[in-house]
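Both of the next two complexes hold subunit A, though its partner changes from subunit B to subunit C.
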Partner chain A sequence: MADRVGNRGYVTYALRRAAQAVVVILLAYVLTFVVISVLPGDPVTTTLRNPQSGFTEEQIARIVSYYGLDQPVLVQLWHSLSRFLTGDLGVSLRTNLPVSHLVAEVVPSTLVLAASALAIAVVLAFTIAFGVQYLPRPFGPALRAFPSLFLSVPTFLIGLLLIQLFSFQLGLFRVIDSDSGLATFFAALTLGIFVSAQIAEVLIANLDQEARQEYAGVARSRGLGQVQLLLRHLLKPSALPVVTVLALMVGEVLGGSVITEAIFGRAGVGSLVQRSVSTQDLPVLQAVVTLAAVVFVVVNLVADLVYPLLDPRVRLLAGQRRSTARPEPGVPEPGVAAR
Partner chain B sequence: MAPQDRLTTTTLTRHPLPAPGVAPTDGPHPAALLRVEGLSVAYGGDEVVSGVGFTVAAGASLALIGESGSGKSTIARALLRLLPAGVGRASGRVEFDGREVLGLPERHFRPLRGRTLGFVPQDPNSSLNPVRTIGMQAQEAARLVEGIDAGERTDLVLETFAQVGLTDPRRAYDAYPHELSGGMLQRVLIGLAVLPRPSLLVADEPTSALDVTIQKRILDLLSGLRESLGISLLLITHDLAIAAERAESLIVLKDGVVQEAGPTASVFARPTSAYARQLHADVPALNPDRYADLRAVGATRAADPSTPVKIEVRGVTKTFGTDGNRITAVNGVSFAVPAGTTHALVGESGSGKTTAIRLLLGLEQPDVGRIVVAGEELHGRSHASLRGVRRHLQLVYQNPFTSLDPTWRVERLVREPLDRFAIGDKRERSQLVRAALESVGLGEHLLSRKPSALSGGQRQRVAIARALVVRPDVIVLDEPTSALDVSVQADIVDVLLRLQAELGLTYVFVSHDLALVRQLAHTVSVMERGRIVEHGTVTQIFDDPQEQYTRTLLDSIPVGAGSAS
Partner chain C sequence: MTLSAVARTAPAPAGSRRARRRSARRIPPSVLLSVLVLIVVVAWSVAPGLFTSQDPVNGIPADLFRPPSAAHWFGTDQIGRDVFSRVVHGTASSVTSALVAVAIGLVVGGLIGLLSGFLGGIVDATLARFVDVLLAIPSFLMAVVVVSALGFETINAAIATGVSAVAVFARVMRSEVLKTRSAVFVEAALVLGGSRWHVLLRHVLPNASRSVLQLAVLQFGLSILTIASLAFLGYGDPPPASDWGLLVSIGKDYPLAPWLVWAPAFVTILTVLSLNRISRWLRKTA
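Here is the complex of A and B:
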């Protein structure tokens, strides 16, 4: 009985969160559209009437009417939104190819980069956090400085250093061959170092805090050593907030990939954005920004949906997440026997 | 709760237990199990324990008594070598079974923890990992028992849970800590401590976070296990009555120095040190008439039928929750309080006391019933006029460690209600603040302090001054001393009674401590599960209780009588 009610609570919660996610994506689309349309500069003039593009006045008129560029902004938004909802992302102004085609071309490469960067970040962050706790005196405390160091050094500098050292000096990979395994690894490392810093800081702070909790001392009174205490007791409560941080980091990774791809000469979403901005290829920009919003929202939705399954203290009440640390005063405490 | 109280006598096949009540066969306590000599502990440069020495014989029980800051918990931590790393330093000699352990390297000491030295912590609610099931944590204790496999370990845990009086061991095993009540969690923790059969159990204020009735059950459980398993007990407490009831010998500590030590009978009955005498005088249960003179003023008012009624609560009911999960927190509660007297609401956690006073303060709306304070109907009025009534209705919250904003200074804390109600100009407010502080016995030099620079007793005086400063008629006291030591509690009770005699204040006093109620209150309502089960004057309730529940509460008061054998 209790389980069934619990499941119903979870389903309500999940549906509510999913609905919110859809609303956020639509809002992101509208907002992008509005921002792009108020930007100075007329893409029709700069792109289509550019002699190099080779469009005839007739073609230009067709493109203009296809996008409804001659119509009021609100009507344009309506058309654009309804096309988006049917999965039609439009046609690139620069290449005249379908936007979905352009995006699909670059997404896998960025996905590989982002996923490896996140994986490297997580491994690095946990290594640093454990080292801080358990390495002997001069080394452990010294590691504490690393996260803030990683945060304060710009990504491009780390990237250039890695290229200088491992490509030019040691010749481990060739910058020209940007899709090789090692090149991808170093690109991901560049991005991962930056991302790991914020995860490591959360983890170090949480481990410190959990180690000071009453229960940690009581667990030691049961004869647990430092390593057992860490693995059995401190790790899980300290790592739970990392789920939330990781989801937020996805935004950083997407932003950081623009710079990293430029440094390592990789074709990806970042380079596509770069080209589209410089040529004012609005349909592509609109699609990429929306794609980023979708990824961000979906990842955070997953984090929200997974969290209640990991943390037993989070109870779902009327579709909302609540922490039930202790029963309210004045309300009878739920007893095991009473259930 | 009731069925869990029985100490279940499960016999373990692999770990045979002597039947409860049967003393260990080694005869009367042979050699010293624990011998402490010249133990000193320093945090940084501050020595908090100085040259403490005592011995605990095998199977014996010893209580360390003292107020907070006396170093008693520090001694417990030092014995288990769980002092904060790098900060706390212990010196002296601690012998366990004839072997010096204070200087032992950690890897040689660690096997002793749990196996021979068991520990029962103070606050059960924060002593188990919140994100792991109780069973997973119990397995850690079971792993200390050698020569049994995984299945046998689980059986052993379940048997131990049954033994400490958990009615449904399997449920407790699968539960997360937040799913059990404080009393049940303390049973779990005691179970985990005794499971590997240690020879000494160190219990650091094992009941100070629990209700009186649960306190008695937990102490009974500890005494029972001590007898049936032959475990020695080092009990740490601030309550002399508990210590005298549960231990064979006592050590009285103050500021890290032993004041008095000896067999319970002599220390308790004929304390020789001034401090031990003071502790004895501060225990409410041992001195029910300590404040008889001050209380007499209100008692006369309560007995006089012409005294006007200050508070009238009639037929009030409050239900929380939605359809599936409704809880009637307060159910048809009625009582009346004559002006200038103290009415006590007594009951355990969950009895509805807190909801009752929230209704009285106008913080909740009753579903049914009415509440009249000083002739004014409290509910169904506008927000503005409710504020006017609230000025005469102030609250002193139970925990002064959390109820005062840590970033504010005393002057601002006490002045805030004056600012809120826009009383007087700047100069008058300043005078009123000083007057309020003086009336609770605090000097002007404290005005610029922050709460962190005050003791617990001083903080609670500030909280009382804050309530007093707007000159209310009624003060609601929500367990105002439950977070404080007995000696500080005596201070606060003295201040409260003095103020009532001088200013004619009406108190509504919420407590689960009947001994304190007897010292302080004039009339009593006993609450159980949202209802008032018994009502009367203090004399009626204490001398002639009618209800079984009231008798249970009365029986739970530790009085130090019949000290442990």
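Here is the complex of A and C:
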């Protein structure tokens, strides 16, 4: 479909977006560094000299010179950034292990959790949105309240409730056995509910709008049933924006993993963050936040690049993305994100 | 969150203006109820002493783990403190900190969006990149990093939450300003010789304020949730403070006294739900 979009425009657009993404990632690193070095006091040497961390004076001196802690902040930033560019994430202050090693250890678990959470969120959102449209009177409209309710319940509470109900009462899974399939499912459900509400809101609004369009009225007048109408006409234009929303939700899931993993006792990126915060392990914190930004930016870049290929109404003019279709309330601007 | 907030600020379909005006005059009962909830919550935070006479800090050792009753509406906790009193006394901290967060997001983000949209050009391009960077860092991670940089206190959690909301306010403000700027009446004001400042203050800001107000109400609810989550993780004031998130976090260790979790959770959900309802209504009637 790329040639319909116009190859040259698309390539220009893709290159521009990729360049922007690189800039954003680098600046995210700098911003994180700045925020972290605002830290009052000298937590680095406090952590290092803590007898529990078991560093010898020699090792401390090596780490201090490695991070350039005796130098001005700008010089430190420069060293840190150039190391980051060569893929060196530094050394953990708590364990004296390379940060990349620590992170790589926990990434798979969080990836599984995040991917399942997004999948559950999509299924839930579509179920709610279809229910709103097609369930008979008292039930359908009542479902409209669900996204709003889901957005009002703290994630930690959902987690506690699920554990209470399915682990303590029904004994379906054990929290200690946190990597079992069911435990992962409930953790993902905890994380996915908030996300599903956001997707459902967009989906419901889009379906409402599409159902009011003239073409839908014409199809109906020609005798097309509700289900046929949905599957053949309404679904595609309503569901496409979900791609963009889903990409934005990656940030939500990565942030939410801190809470979910704490509640379900999972070893993942989120619990690594929590441990690093309590032990002031700044290099780990810096690395995890930057990696989260990288994941977010890359996923959104891919979503933005794929979108024009999926939706021919979005044409690319002079390397910019512009929609030739009517403005759609449910389609956020590319790159607009969400908390 | 905010994705829905951004989606919501999109122009409503034309043609239903009369209907919208009518619905603006008649306030739906659910909105009235929400306002009532908020009035109670505000009253709790301003004058907790009026609503409960029991001590939120020192317990009565004879009254451990009493289930909810007429004497103790929300029961008592592990050292015999009245949970209702703890929730009421924790309101001020839970609600004001969310207010601080919204204020930070509103002022900083609003200013960025205003300058970005109104000045355009290189200012816009620079600020847009900055906002992109803020958006790229997952906001809860951002809040966690900021609060760990500032220290574990509720006020710092509020600042952290505010920082993580800056980008959203900037986005919405910018798009509102752009929308108004290209409106005919703004062009007319400029042609008639209105200065840029005059146009900004008299025309652009008032027109943008409705969407931003609706976003602010929504963010108020979200900030309550974020701050509760930070408190839950132990990044707020330590006990005997009784922030709602902290109450849930402590209460979860006593599964045989489920009211310790449900009472503060119920109040949190009801407050946020009310804020969401009002925000939704503001959007509809805008």
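As a working rule, the second predicted complex is superposed on the first by the 319 of 339 C-alpha atoms of A that agree within 3 Å, B and C clash if a C-alpha of one lies under 4 Å from a C-alpha of the other, contacts with A are read in each partner's own complex, and residues count from 1 in each chain.
To be clear about the criterion, contacts are C-beta pairs under 8 Å (C-beta built on N, C-alpha and C of every residue); 3 or more make two chains touch, one makes a residue touch a chain.
Only a predicted model underlies this, so the values are computations on that prediction, with no experimental measurement involved.
By the touch criterion defined above, A:Asp311 lies against subunit B but remains apart from subunit C after alignment on the C-alpha atoms of chain A. Between subunit B and subunit C, C contacts the larger number of subunit A residues. Residue contacts after overlaying the shared chain place A:Val218 against subunit B, while subunit C stays out of touching range. Looking at the shared chain after the overlay, A:Tyr10 reaches neither subunit B nor subunit C.
Contact with subunit C, but none with subunit B, is seen for A:Ser148 once the two complexes are overlaid on the shared chain. By the document's definition of touching, of the two partners only subunit B reaches A:Pro237; subunit C does not. Residues 329-333, 335-337, 339 of subunit A lie in contact with subunit B in one complex and with subunit C in the other. Residue ranges on subunit C touching subunit A, taken from their complex, read 1-8, 10-11, 13, 129-130, 132-142, 144-146, 148-151, 164-165, 167-168, 171, 175, 221-222, 225, 228-229, 232-233, 235, 245, 248-249, 252, 255, 258, 261, 265, 268-269, 272-273, 276-277, 280. Those residues of subunit A whose C-beta lies close enough to touch subunit B in the complex are 5, 213-215, 217-225, 228, 232-233, 236-237, 240, 311-313, 324-326, 329-337, 339. Interface residues of subunit B, counted against subunit A in their complex, comprise 1, 3-4, 77, 80, 82, 110-115, 117-119, 121, 123, 125-133, 136-137, 140-141, 144, 166-168, 171-172, 175-176, 178-182, 184, 189, 192-193, 320, 324, 327, 329, 349-350, 352-355, 358, 529. Across the complex, subunit A meets subunit C through its residues 20, 23-25, 27-28, 31-32, 35-36, 38-40, 148-149, 151-157, 160, 164, 168, 198, 201-202, 205, 209, 245, 248-249, 251-252, 254-256, 258-259, 262, 273-274, 277, 280, 285, 288-289, 292-293, 296-297, 327-333, 335-339.
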